[in-house]
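Per-chain residue numbering starts at 1, and chain names A, B and C are given in the order in which the chains are listed.
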Amino acid sequence: MSSIRSLTKKRLFLPIFSMLLVMLINVIYDVACGNPPLGFFVITIKNAVLYGRLIDVLNRGSEIAILAIGMTLVVSSSAGTDISVGSVMSLYAGVCCMTLAGFGEVNVSQYANPLLLGIGAGLLVTCICGLFNGFLVAYMNIQPMVATLILWSAGRAIGLLLCNSQIVYVRVPSFQKLGAYTGFMPTPIIVAAICIAIAAVILRFTALGTYIQSVGINKKASRIAGFNSAKIILLCYVICGLCAGLAGMVATSRIYSADTNNIGLNMELDAILAVALGGNSLGGGKFNLAGSIIGAYTIQAITTTLYSMGVSSAQAPVFKAVVVIIIVVIQAEPVKEYFKKVSSKRAAVKEATKA
Amino acid sequence: MNRKKINGNNLLLLITIALFVLMYAAGCIVYGSKGFANLQSFLNILINNAGLICVTCGMTCVMLTGGIDISVGSLIAMDCMFLAVGMETWKMGSQVLMFLVLVIGVVFGLVQGFCIAYLDIQPFIVTMAGMFFARGMTAMICTQQVSIVSDKFFTGLSSMKFSLPFGGYVNKKGILQMPYVRITVIVAIIVVVLIFLMLKYTRFGRSLYAVGGNQQSAALMGLNVKKTKLKAYVLSSFLTSIGGICFCLNTMAGTTTQATGLEMDAISSAVIGGTLLTGGVGNVVGSLFGVLINGTISTLVKTNGKLISSWSNIVTAILLCFFIVLQSVFAKVKEKK
Amino acid sequence: MEDNVVLKMQGICMTFPGVKALEDVDFTLKKGEIRALMGENGAGKSTLIKCLTGVNKFEAGEIYLDGCDAPVINKSTMDAQNKGISTVYQEVNLCPNLSVAENLFIGREPLTRMGTVNRREMNQRAVQLMKQLDLEIDVTQNLEDYSLALQQMIAIARAVDMESKVLILDEPTSSLDDKEVAKLFGMMRRLRDKGVGIIFVTHFLEQVYAVCDGITVLRNGTLVGEYQIEELPRVKLVAAMMGKDFDDLAAIKQEGSGDKQKEELVIEAKGLSHAGTIKPFNLDIHKGEVIGLTGLLGSGRSELARAIYGADRAQTGTLKVKGNEVKIKNPIDAMKLGMGMLPDDRKAEGIIGDLSVRENIILAIQAKQGILKKIPMAKQCEIADKFIELLQIKCASRETLIRQLSGGNQQKVILARWLATNPDFLILDEPTRGIDIGTKTEIQKLVLKLANEGTSLIFISSEIEEMLRTCNRMAVLRDGTKVGEIEGHEMNQMNVMKVIAGGEQNE
C-alpha cells in the first residue's frame, strides 16, 4: 500500500500512467473486436515507409509535442496559458504559403520565393505574436488568457486575409517533405525530436529552467535575488510563439496548403491538456518538460484511439473536455483537502481500533 | 448630485458611445448610397445580433464577478442543433424543446459554476472545457447541417414581423414600407431591461458588483461569495440558451460550426462596453453599445462588399486590444493615486 | 463578570506549527474605554485579535463577552460580528466600486415590498448615519472617490451601525495623514462616550498617548502587562515592548571593534527617498562596519535599506558606491556592485518555496552570472554542501524543498545565498525574527565575523540588545525620517529608547 502511494508521488507518474491506460484500452478494444491484441504496437514497413498505429501517434502527435514545449514554459512562468497557439499556427500557414506562392495565387507548383524565406518569414511573424502576448502579460499586467484572447481571434483572421480567404496550395515536393517522409521515417517525428532535443539542451546547459521556475513560484523574491521577472516572462511567450510557428510549419507541410480555417483548430486545448497531463500544475511554478511531452503523445494516442473506434473528429472534443475536467478537478485545492481529511480520518479510526 | 465626477469607468463608457456614434455617422456618410443610413439597416443590426445581445448580458454578469465564460458560442451551437434535430428528426414540439434548451442551459451553468466557485478552478479552464464539450456534443447529436422547416410554431415565430409605427419610407416599387423588427429583438430588449434592473435593484445584482470589487471584503461583509459566483455562471448559461433560441430563429438551422468565435464577440462587446476584466465595473447598457459597435463593424465590412469577412474579426480584435490596454492604463493611474 | 467590563479574555494559548504564538494571555476591556494593544512584530497582537474574531482557533483559555453568560467561541468573523465584535482592518475592507451607502448596508439592504433594494431608504439611512458621526459626504458616490481616511471612517461607520459592543481597529492609521488621524480620533472619542469598548492596535506612540485610556503590552506571545495610560510613560512603554532580558549572548560583544570610521567609504547615500515610505536621508557606511537601523515597526527602517538596494527604486538623491556615483534601478544592478539583501518578509520575498535548498542557495550567484552561464551541477552541489556545513543548516539533503525547513533554517539558506556571492555590502533585515535563540546567536556571531573580514553590513532588528551587541553605529528612524545616529559610548539601551520614543520625556 505504502509503496503504491510513494509511486503515485513520483513526478512522471501521471503522464506515464495515463499513457499506459490508453494503451491498455487499445488492447482491450482490439481483443473485443477480434483483432490481434497487440495491434496497437505493431510496426510494419509498407511502401518503404514505417507504418502502424504507434507510428501514427508519434507522427500526428508532433505538433502537440512541439506546442507543449512552449506551453509548459508559459504556464510555469506566468501561471496562465497561451490560448493563441492554434491561431498562430494558422497565421504561420498564411504567411508562409503566401510568401511561397505569391499573394492571390491559389495553386502553385513552383516557388515564388525561396523555401527558407517562406519558413523564415512565418517563424518571424509567430515570434512577433509571442512578443505581443508577452508584452501584454509581462509589462501591462493583463491576465495571460485575456491577453492571448486577442490573437486567438485575430491570428486566424489575419491568416485568412493573407490567403485572400482561400486555401492556398503549394505543390512543391521540397515543401511537402517536412510533412511527409525522410527515408522510411515520417519527417514530423524528426522535426519534433529535434525541437525536443534543442529544448532539452537549452534547459540542460543554461540556467533558463531555474530562472523560469523561480519567477513562476515567487516573482517578488526572484526580483530581490536579482532576476528580471518581466523579461523572463516575455522570453517564455516568445519561445511559445516560436513553437507555435514550428508546429504550424509541420501542419502546413503535411497538407502542403494553407487551410487557415482548419490548421491548428482546437490545438490550444490539446497543448494545455498535454501540460496538465504531464503532471504540471496550471498554477505555475515547477515544470517537467518530459512529462508534458509524454502528455502530448498521450493526447494524440487518445485521439487516434477515438478515431479508430469510429468517433469523428468533430465529436472527439467531448472526451478531451471530460479528461481536462477530471485532471483539473483532481488538482483543485478543495478536492485535495477533502481527500486529506478523509485519509486522516481513516488513519485516526485505525489508530483508535488499534488502541 | 449632478456634480458627479467623471471617473475612469464612466469615461470608458463615454468613449464607447462616442465611438459608436462616430462609426455609425461615418458609415452613413460613406455608404449612405447603399442604404446604410436607413432606419431599417440599423434595425437589421439589432435583428442580426439579438442572440449576441442576450449572451453578452450573461457574459457581463460573469465578468462583473471577475470571471469569464468562453463556452457560450459552443453552447449556442449545441442549442441550435438540439432544436433542429429535435424538430426535424425526433419530431418533438418546439415549445417543449425550447423549454428543454433552457433547462440544459441551467444544468450546464450549474456544473461550470460548481467547478469554478466551489472547487476553485480557474474560470477560463473550466469554461474552455465546457466550450469543447458543447462543440463535441453538437457533433454527437448530428454531424450534418439540419434545417428547420416542419415546425409551424417555430417557423411562425421566426417570420413574425413587428412594424414600427414611424420611420416608413417608399421603396423602388413605390410602396410605403414600415421598418420592422423580429421577435428576437423584442426578447433581447426585454433581457437587457430585466438584467439592467436586476443589476441595479436586487441584492443579487449588487452582490455581483461587491464580489468583483473585492472578493475578500465581500466575504467579510457577510455575502456568500461562492453562491453568488455559482448563480452568475448559471445566469450566463441560461441567458446563452435564450440567445441560442434567438440565434436559431434567425438561422433556422443547426450546424456543428455555428456561432464559432461568438464568445469572442460577447467578450469584446462587454469589454468595449466598459466592463472591466478584473471585475466590479460595468453594466448592460455599455454591453449593448458594445454589441452595436461589433454589429456596425461587420455591417460596414459587408456593405463595402470588397473586403473579406475576416476584416471584421481583425478590427474587433484591434478594438478589444485597445480597450484592454486602456483599462490596464487606467488601473495603473488609479493605483498611483 | 465585573461591572463595566465588556470583554475579558483569560489564559489564551495558541500554537502555530512549531511556534508558541500565544501563551496564557489575559486581556480586559471596559465599556467606554480605548485600549491600545502594543507589541513589536511577532509579539502576538494580530494572533490575539484573530483568536477573538474567530479567524484562528485557540487551544486553551476563555473569552467572556458582556451579555453572554457562557464563554464565547467565535467560529468566523461573521459569527463574531453577530455577537457584537466588529473589526476594521489596516486595509479598508470595503468594495471600492460600490457607493458609500451600499458599502454601509450591503448584505442587509432595506427592501421594498417587491423584494428589490430600496435605494431611497438606504441612502436616507446612510445620510443619517453619516450625520451621527459628523461626516459630510455624498453617500451616492462611489467609495473609491474618497480619501483613504474617509474610507476608513466609512468602514468604522459600518462597524458601528452594526451595534457593536467591541470595536477593533487594527492599525487603521498607517496610511492616514495627521489631519485625517485627528478626524478619526474625534470619532473614536465620540464612540467611547457612547459606551463602545475600542481595541486600538497601532505602532505610533504619539497616537497611543493622544487617544487611549489604557495599554496592554505583549511580547513574544506573552503578556507583559496591562497598564493605565498614566502609569506608563513612553520610555517605559518602549522598554516593555522591546524587552530587557539579557541572555547569554552578552558575552559575544566584539572586542576589537575599533574605529571603522577611518576605513574607506563603501556606501554614501545623499538625500535618497521613496515616496510614501522614507523621506530623504543621508547615510555613510565604511568598510567592515555594521550599521544598525532601529526604530519601531513602520518607522522606515526597512524602507531605507530597500531604497539603497533598489528593491524600491529611490526617487531622489544620489548614491555613491566606493566613491563612484551609481544608478540602481533593480536589485540586479545593486548585486553587480557587490550588494546583497536579506528581506524581512522571508516568505514573500526571501524563499522560493518549491525549489530545493541547493537551488535556493545558488540563485543569487546564478543571477549575477547571467542566464547563459549555468553553474555546473557539481559546482552547485559543492557550494550548497559548503554552506549547509558552514551555517549548519538542518535539512534532510540539499535537495529538500526549502518550504519544508523550519524558519531558522530557511533564513540560513537565504543567508547562504548571499554569502555565496561574496558581497562587499550586505543588508540584513530582521534576520533573527521568528527563529530560535540558538540560531540567533549563530547569526549574530556570523555578522561579527563578516565585519571582521571586511564586509559592511546594515543590520535591522526589533531587539535593541541584539543590535547593541553587533553594531558599530546605530541610526534611529521615526515616522519615515532618520532622526539621529548614536555611536561609541552613547550606545546603550536607555539612549536608544529615548531617541526612538522621541517627544518630550515625561519621566
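The rule is short, and it goes like this: a residue touches a chain if its C-beta (ideal position, glycine included) is under 8 Å from a C-beta of that chain, and two chains touch if they have at least 3 such contacts.
Everything quoted here is computed from the prediction, not taken from an experiment.
When every chain is reduced to the mean of its CA atoms, the largest separation from chain B belongs to C.
Simply put, of B-C and A-B, more C-beta pairs touch at A-B. Computed from the mean C-alpha positions, the centre of chain A lies at a distance of 45 Å from the centre of chain C. Centres computed as Cα averages put chain B at a distance of 48 Å from chain C. One simple way to say how far apart two chains are is to compare their mean CA positions; for chain A and chain B this gives 31 Å. Those residues of chain C that touch chain B in the complex are listed here as 77-78, 81, 92-98, 102, 106-109, 111, 115-117, 119, 138, 140-142, 144-145, 158. The part of chain B that touches chain A in the complex is made up of residues 68, 115, 118-122, 124-126, 128-133, 135-140, 143, 256, 261, 264, 267-268, 277, 308-311, 313-314, 316-318, 320-321, 324-325, 328, 331-332.
The touching residues of chain A, when paired with chain C in their complex, are 205-208, 210-211, 213-214, 217-218, 220-228, 285-286. Of all residues in chain A, those touching chain B in their complex are 81, 83, 136, 140-143, 145-147, 149-154, 156-158, 160-161, 164-165, 266, 269, 272, 282, 312, 314-322, 324-325, 328-329, 332-335.
Of all the residues in chain B, the ones that touch chain C in their complex are 1, 4-5, 7, 9, 197, 201-203, 206-207, 209-210, 212-214, 216-218, 220-223, 280-281, 334.
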